[in-house]
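Both of the next two complexes hold chain A, though its partner changes from chain B to chain C.
Now for the complex of A and B:
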């Protein structure tokens, strides 16, 4: 079962229930305030059918073909709307035509052009039959004002509404197609980039593994040489330097290697260490800028349950994002502290860059764009949506706040490991 | 003299380890770059402890541990895993397959001696 399509069915069911409930209340209200009473047994039955019987209940969704179910749902919607239109009649025709439009728009946004064509055609046929049938005398007259409407006027109403249904259907199908195409392209780009990143990650992991081995051997040979007797102080110092430099290189590469590994195990993570590692990891990149990284890491913070590497990915992305946003100069403040309730660790990344406008912030939150300042987002590799997914996987939250000229602040909260619940 | 069998695909690493351990005193170090020979090497040399890399081409450290666990002599020989990968999942797999300790490369002479002594003393308990 397609989860997204199921979700759209469920949403449509909710919208249907709410809309027809409101219609029912509206009709009762009209009667109560002394207006014309549209309430009749057929109208009540139609509204109840839509609210209770034309619903994609989960036990139904599990047993039926969703593609066929959508035609049943749309047909039921259109039949009910048509009869309600008939029983209400008069000027309310144009009001009820909006309900047809809702079905046609849903078909466009959730399904295929075929479903749109079905919805527009059925709406046109039933609407035309009922309106024309009533006015030509094939159906009993129920319009409350009971006036005689000229045939030309009826033909105009029918033609106008039918044109509207098909025009709306066309618009709905075309625009939904464009949106889907854009989403597909974006998704494919993300997939391509993710694959490239993954391949790079493997290459980095195994290349650094070999490099670490070589450096470890250099360090080892240097250690053996240093133990030789009769070496001059100068030679001894040089050998010692070789060992120290190899050890430094090893530490640098080991950090990169740990970052590139794909470890899925949840472990007790010291957030401060993860922050320090992320800063160290981005050091070769950021140290040539005039950006000052300030740390205010609280001592003695309890551990959190997380995948350390995934957490570092988020921290690294945030640091790189700040780096990009600051354009080579500024200040990044990283704070860790215990929440007021002492049950969460808070990690805050803030910069004093140009900040973001509310509309850009909204696009970052929905994943439409990556973090502001990271260009096309590829340098930072992770957008807020991906970071949120990672943090959510550790039962935490992440939020971003900003305003123009006041920098960007990202706050992460992670629950601490409770005693006895490791 | 305590016998140590060291297996790694890096001959330089094995050479350094051998020189360091034998230079430190009471050790005889047998080295091999082929993990596929582990059962034969254990039966021929009866080492007190095995130091073995995990990530090796062909027969990996994990494969070699499986082979060792199916051998009566090998199953009773303590193994210390060595790796530059430092992957948590690898560590857990190694422990599940029976290694008694785990060392991340680069390793110091002091650390490796400490771990070897601990493994041997546990075995003799």
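Now for the complex of A and C:
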């Protein structure tokens, strides 16, 4: 959420910097072609200040309270616009009213109804003060609009624009509410998905348990039959095959049963075994593709402290992502090795698929989209954000790198268990 | 010499039947119980010397049954059989003196090294 808010600030900052630059050029242009000279030293200073002030940098945004900063930014924008309005005076104020409108819209799109109300109110008060004050003689007349406007006209301008600000504010706040509602629905969808996944996992656990028992019984009956006397060699062979197939089925289901469990216990995990299990779990469908899984698993790696099932979930998701990215053909390389500092285990998943564009990669990192391969791959099991949360829970890190045409590489680092520190 | 009596407690009738046949073929006397209360009752009536107990049973699971058994007979050897033995399968049984844990699948695929060795070791204990 904070990343999203920061992103909106960065975008809004750029838009405002460009807007004020254009306003500056417009005023210079007007001076040049129209004989008007709205540019004075205070106006120029304000425009330049705005351009720089509204160019927020990421390192600043990370160190300030963004919610408070947006009020300062809105206030300076509105004061700046009012100042320029004061200099312009006359009929051009309607043009300047658009600038107020932009601030009010920004408040709605990026923040809360409270911020919209603040922007609309401050715009109304300052705008009214300037128009009324200048024309009624409270403020020194600095604009080049020399005519005296009848007070009824002034009241009309003020009332019309103030109404417009609040109407726009209302629209902006409603739109913001709609956006929030859509975001809430998206969040609820994720929750529903998670619940369904949990229910499925629960059912898988118990169904596989029963299926394992049935297979065990099949093995048992096959064993009893094999003990019968006078069986031909062919029949004995078939009975033996029944037992072997049941054993294979049991091993497959046992792996699925372990995977479906939601164990919370931290334990010593052998990363290579977790990788092998993840490859085994995805085997039933990856073996029908032309994807080659290459393993370079270092021998004798120390254990890590983790939840084996959670780790398998991450590995399985990464294999599925590669599977989707490769579209049925290619190579997936899985490597495990000890870090240079010999204090971490590195697990690397890389594929030679189409890769991802930098902008998609950024969206994957922020969790905006599911991690998937290039192109139009379907949603894979886990997003990178979820994987990152799991890996973080084990004091590890996960990073993804890619470029178009060069595949995707995901690197995970997990600290090894230090002897005596368990 | 009187044969050692083994009680197979499991809600799966097929499993009980197959294990019973295997154990009979090895010369043991076999009793069967399809749930926890039947198991407890068999122990109360001293119908068995060794118990092969399923971890997951309806009504009264293996751990609850074992607790009740231990109140009657603190020393009878109990072999827990589970569909898949792992950390979770032994949760709750740590202080209940389980003699051995055997995976159900291995009982049939490799009976001589899992079931037989567990039963023979239990037999030595009661000898």
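In the analysis below, the second predicted complex is superposed on the first by the 238 of 422 C-alpha atoms of A that agree within 3 Å, B and C clash if a C-alpha of one lies under 4 Å from a C-alpha of the other, contacts with A are read in each partner's own complex, and residues count from 1 in each chain.
One rule holds for everything that comes next: a residue touches a chain if its C-beta (ideal position, glycine included) is under 8 Å from a C-beta of that chain, and two chains touch if they have at least 3 such contacts.
The structure displayed is predicted, hence computed values, not measured ones.
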item	value
Overlay on chain A: chain C relative to chain B, clash or fit	clash
Chain B versus chain C as contact partner of A:243, first or second or both or neither	second
First, second, both or neither for A:215, with chain B first and chain C second	both
Which superposed partner A:299 touches (first chain B, second chain C, both, neither)	neither
Chain B versus chain C as contact partner of A:359, first or second or both or neither	neither
Partner chain in contact with A:254 - chain B first, chain C second, else both or neither	both
Contacts of A:234 with chain B and chain C, given as first, second, both or neither	neither
Shared chain A surface residues [contacts with chain B and with chain C]	209, 212-213, 215-217, 219-221, 223-224, 227, 247, 250, 254, 257-258, 261, 263, 265, 267
Chain A partner contacts - residues on chain B that touch it in the complex	10, 12-13, 16-17, 19-20, 23, 55, 84-89, 92, 105-107, 109
Partner chain A, residues of chain C touching it in the complex	12, 14-15, 18-19, 21-22, 25, 56, 83-84, 86-88, 104-105, 107-109, 111
Partner chain B, residues of chain A touching it in the complex	205, 209, 212-217, 219-221, 223-224, 227, 247, 250, 254, 257-258, 261, 263-265, 267
Residues of chain A that touch chain C when the two form their complex	209, 212-213, 215-217, 219-224, 227, 243, 246-247, 250, 254, 257-258, 261, 263, 265, 267
